[in-house]
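Labels A, B, C, D and E are assigned to the chains in the order they are written; within every chain, residues are numbered from 1.
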Amino acid sequence: MPEPALDVRDLVVRYGAIEAVHGISFDVQAGEVVALIGANGAGKTSTLAALSGLVRPARGTVRLLGRDLAGAPAHAIVRAGLVQVPEGREILARMSVHENLLLSGATDATAMYERFPILAERRALPAGNLSGGEQQLLAIARALLAKPRVLLLDEPSLGLAPKMVASVFEVLAELKRSGTTMLLVEQNALRALRLADRGYVLELGRIGLTGTGAALLQDAGVARAYLGA
Amino acid sequence: MDKRIFGALGALAITLAACGGTATTSASGSPNATSTAAKPDVKVGVVISLTGVGNVYGPTQKNGVELAAQRINDAGGVSGAKLVLVIDDDQSTTDGGVTAFRKQTSQDRVVAILGPTLSNTAVAAHPVAQSAQTPVIAISNTGDGIVGKCDWGTCDYIFRASLGESTAIPQTVSIAKSKLNVKSVVLMYAQDDKFSSDGFAIFKKNLTSSGITIKKEIAFSKTDVDLSGPVTAALAESPDAIVDSSLAGPAIQVLKEVNKRKPGMLVIGGNGFNTPAIIASAGAAAEGAVSGAAWYLGNPDPVNKDFVTAYKAKYNADPDQFAAQAYSAVYILLDALKRTPTVTSVLHDKLRDQIELTTGVKTPLGEFSFNASHDVTQKVYVVQIKNGQFTLIN
Amino acid sequence: MADQIYNAVFIGSIYALFALGFTLVFSVLDILNLAHPALFTLGAFTALFAMQQGVPAALAVLVAFVVCGAAGVILDRVAFAPLRRRNAPPLSAMISSIGVSLILIRLIQLQYGPDLQAYPAGALPAAVFSVGGLELDTLRTVIIGLAIGLMLALTYLVRSTRLGRELRALAENPRAARLLGIDVDRAIAATFFLSAGLGGIAGALYGFATNSPFSQMGQSFELKAFSVMIVGGMGSIPGAVLGAYLLSFGEIASLTFLPSELRDAFAFGLLFVVLLVRPRGILGQRDVDRV
Amino acid sequence: MDGLQQFFDAYQTTIGFIGLNAMLALSVWLTLYTGQLTLGNAAFAGIAAYGSALLTMKAGYPFPLALACGALLAAAVSLPLGATVFRLRGVYLAIATLAFGEVVRVAILAIPITGRGQGLVGIPPKTELWHIFASLLVIAYVCARLRISTVGRAWAAIREDELAAASQGIPVRRYKLAAFVLGALIAGWAGGLGAHFDFAIQPDEFGFARAVQILVFAVVGGIPNVFGPILGALLFTALPAVLQPLQEYRDIFQGVILVLVIVYLPRGLATLLELRRTARLRTVGAEDVA
Amino acid sequence: MLLETSGLTKRFGGVVAVNAIDLAIAEGQVFGLIGPNGAGKTTLINLISGHLRADGGAIRFADADVTRLRPDQLARRGIARTFQSIRLFKGLTVLENVLVGRYVRSRSDALASLVPFRDAARPERERARLLLERVGLGKRAGAFAGELAYGDQRRLEIARALAAEPRLLILDEPAAGMNPTESAALREMLRELAAEGITIVLIEHDVRLVMGACERVAVLNFGRKIAEGPPAEIQADPAVREAYLGVADDA
């Protein structure tokens, strides 16, 4: 196996006395889409916070194309190519769509306007005026402009109407086809696993199950947890 | 974390220890004094504002008293005993002043106290000395109620060697009326400052009684950032003169704004005008400003010339009125000390009686006496700034 | 009347410059930097020091900008950064800044004493010119121009440059800013440099206009700056400018139409009313009263 | 013992002010303990100082009655003020109370009976040290006992999480207001005592600088318990006297100490009194307000 | 009915977060509320507990209109709740958290507490300890709430809510972060509480828990109630499967 694009080993995240993530390991190969699923409080958000440098991992390594980024400041991690589309989108509501796009440091957003024409239409509006789905597209476009080697997506379907969820996942599928490496953290396990090449199930800060997306979809445990069957 | 706490603790401990050990030093009046006699020192307390808002005055007062003490000791001290100054900072606050007074009366057991610098500190601190029966000579308070009939009660141990505004201002007003032909004025004052407010009340009374029209009263704040607005409003009344009761800082702003808008307009001030800082900062804008003062630099009287020369030699700067008054007060006290029977164990009431008898002491302020209500009797110098110099006009 | 309007424009410009620096730090970091008045004073004295070494006035303003800017960055490193690292709330930073303010003012006093100082004679333009019967003095007019220029420059910087975008992103959502790859430490340093530098320029210019810098000169600006910021809208740059002129014109108007004793009551009365009626200020955007 | 007597005589005023400042620090502690940052207590002290001084001087009221009236006057003013300003939070609340303080100062300057800028001079010096320390003892005791009662727990709950506190049935606004008014009452009592301790009062003594100073006492001392504010008042009142020999550098030392405490003892000097390691979480300070 | 809502509506900007919801919950019932993230469940209970004010519709609790009451007033009437993002008083001890929870049940002892050496809160503390024993936190009474592990914090929040002896207990995702054993224990406790007559509204993602514990379940999607009924019925409902599981496109 070639060197993974993202290789996380033995990651531990602590908040004061509480340990939220207990030494998990996983990897994402170049061009691959990996889903990380789990219930609320399972440690998904903590894991992503550690990956993106928002919290300093208590232990473990985060290698991006061989370079260890664990504990590096957030901006250095983004510059190295590990870019996040955060949960809740975190668009800057008072700034215009265009300004939001340029925040990644890019000077030219044309490529994204071509890719997402709706954003071009709205480019001068304050981003806060966009609908939830449009905001999610903006967040994705903004992350793509930072030229990610690995794109982290945190709950991209959160709070979106079913129709918008579908179109966001279409966008993700398209990104997958164009070879974007993605780590997808989702509650919508079915959609996520269907899109993903592989998946990890996070339970209470540990990796429970792992396997291909299809295999996990068939797994009885996953089905019980997420489908109530 | 614990280490850091101990670090902070350590720093605190060191700070406190470093300061605690020497909490009661006293400044010696004469660095080069060769103790001539075996007589015990005569301790004189000085309470002045070396920090806080009053520290514009405190430092030159310190110079004044230290110069006087040095010269007195060089000339043989107080009938052979060395004069030692105990100088404490009142931090320009009432409680700082009261604390210093309590310390000097109970711990240092000084024979008398000079000070404190600010009037509001004085009205709080003087009662301490009164109840300890320690004579006080005020050296820079100019408001009413400092001596004679004090608001806070009997004050027969309190004297004042600084010319009160209630003495200086009437003279200024009468000169303004008779010599400068002023018929109407606008009266400006810093409303949140005791000195300025006191002066304002005295000006108002005297202007009214001498028949000068007050066209408008304009209050401003001592911390005001810019006085162009109030000055413009004052000039709009077209008075013969602008009267400003404020400290030097706002006074400079008033002078400059007036000069810019209406050069040649007469500005009359109180004691706050009587400092070289006015001429240094306001420059040409200060020309023509009139004020009444207890002292002025150019006074050709030999005692004053001697003082100015000695001061310049020691501090390499011209003295101001605060230095002159502080210096004079030490000599006034010396005069009384010399007349008090046993200097070394001064009975405070005896010293007080002798201070009361002070007449005609020659000081840089002129011939100096206390009147029946313990206030200054001296000449009032009404001065005008001409060619960058304070010049006598009465 | 015309000359009173001119006065109001002048003093409003100084209020605005002062408040801009204050508001910049507040909007980006939610800190009320009570050392800002001390930096303002430092600006006036830095210019004084430079001019005593023979530096011309125009250059001395620049020196004040750079020195105060650097002092602002150091202030942040010493007094605020350690607090930020442990997510301390704004109150801690405010108290810390009081300590720094004490130190700075005292250092200035140790060097220059508490007295009023004066800039070297002849170093500042003294000329007066007249426009339509209005006597205007050159120095103040230049200062007004410069102040307005600086306000426009700051507005441009914040609105239209990359740094400005980063600062606004940081102000609106620090978490998002970090996730987007903004170098937050650098942006914060820039904020303090700009804020303190502007404070320094304001101090130098105000020092020039009055030609009597003194160690407590920043003090009275502090309370007025609160008023300016609240009235205009906490953290809003155009709000601060608007608030500053509103205050200066209000003060002049109350001087003209009310007993002069009540002038200060105007500033704080206005502040109080705005807080109660519209706490986010005239141009403020932040919601103050969240659930 | 003569030395002790001498020391006591010399520093009588400082000792008195430590007590007065400790009371003022406790008055702001009440709101800080509730998680609210207010800066109006200097003004409340001012209202009561002027009120009680005018009553003893001009109306001939007996001293205790004048003190009580002054404190009640301050509390009476604080009630409608609190009812309006507690819609605000954090720095907005702080600035609103500060603005109120300035309005009070300007009002004192504009009302002739207060002596305006000249101040009020000749207040009968009725306050003795034992008055101050007896008051402090009572106030500190009441605050300490309140802290461990249902009321104190409700205040702490509001500080920790206002929303959750409301969900437990705590009428949040009313409790905040109670802390504020009680604080005003204490500040007023201290103000009245202070006015009669000093012969003279001036509007400046109750301004912005004073408000900030009171806050510093409480915050640097720490707010986990009533000893924090008292400790803070003790330190920062005694410090100028202790540092007297350093004169020119005194402010610098004070500033350095302030920064050091805030940076290294985030929850105040009172942290030093807590021995349990985990106690750090329990103690509250600047960290928990606003 | 203990709790009834009729036409309850809440808008945020242009989004209708809760859209004309009618609910009727009988005394003693365990009522489940499910739906995808962002469906409006939390907004709905924020309306019921008074943390949000409704834009339209009405809420009746114990035969009285409570639509415009504040949270503390509702708490007095017997509504207690937990929060999705745990909102404990982190700087207070576990015991103190429960004591605060007893606020509406304890007499004010402000004056009594002034009597020296008297421990006015003693009886209250005894009760609080018993409650902590019940949720399995008896040993941790002196610890700070902020120090507890996630699952323990959840349990403490429930204990705090129970301390008020509520008639209606609203639990917002109480099982999040609990392991299966803890989750099972929670289910057991819910049964006991229901047996004691406490009415419970349960919001939960753990479908096993909801289906196992609730007598009735309502499903929200996009601010609307799309289904309501007994668990078995709900599980079989195609509309629910579509909305909740997000698999509309390949049914």
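As a convention for this text, a residue touches a chain if its C-beta (ideal position, glycine included) is under 8 Å from a C-beta of that chain, and two chains touch if they have at least 3 such contacts.
What you are looking at is a predicted structure, and each value in this text was computed from that prediction instead of being measured.
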{"item": "Given subunit B and subunit E, the chains that contact each of them", "value": "D"}
{"item": "Farthest chain relative to subunit A (centres taken as mean CA coordinates)", "value": "B"}
{"item": "Relative to subunit E, chain with the most remote C-alpha centre", "value": "B"}
{"item": "Chain centre separation (subunit A, subunit C; CA means) in Å", "value": "42"}
{"item": "Centroid spacing, where centroids are CA-atom means, of subunit B and subunit C in whole angstrom", "value": "35"}
{"item": "Rounded Å distance, subunit D centre to subunit E centre (Cα mean)", "value": "41"}
{"item": "Intercentroid distance (Cα basis), subunit D paired with subunit B, Å", "value": "34"}
{"item": "Numbers and ranges of subunit A residues touching at least 2 other chains", "value": "none"}
{"item": "Touching two or more other chains - residue numbers and ranges from subunit B", "value": "191"}
{"item": "Two or more partner chains touched - positions in subunit D", "value": "109, 163, 248, 250-251, 256-257, 263, 288"}
{"item": "All touching chain pairs, where touch follows the definition stated at the start", "value": "A-C, A-E, B-C, B-D, C-D, D-E"}
{"item": "Subunit E to subunit A touching residues, read off their complex", "value": "15, 36-38, 146-150, 173, 176-179, 205-208, 210-211, 222, 235, 242-243, 245-249"}
{"item": "Touching residues on subunit D, where the partner in the complex is subunit C", "value": "37, 84-85, 87-92, 95-96, 98-100, 102-103, 106-107, 109-110, 163, 208, 212, 215-216, 219-220, 248-252, 254-259, 262-263, 266, 286-290"}
{"item": "Interfacial residue positions of subunit C with respect to subunit B in the complex", "value": "3-4, 7-8, 10-11, 14, 109, 113-118, 121, 128, 135, 137, 206, 209-212, 214, 216-217, 219-221, 224, 251-252, 255-256, 259-261, 263-264"}
{"item": "Residues of subunit B that touch subunit C when the two form their complex", "value": "53, 55-56, 59, 191, 217-221, 223-226, 228-230, 232-233, 248-249, 252-253, 256, 260-261, 277, 280-281, 283"}
{"item": "Residue ranges of subunit A in contact with subunit C within the complex", "value": "52-54, 73-75, 77-79, 83-84, 86, 90-95, 99, 102-105, 142, 146"}
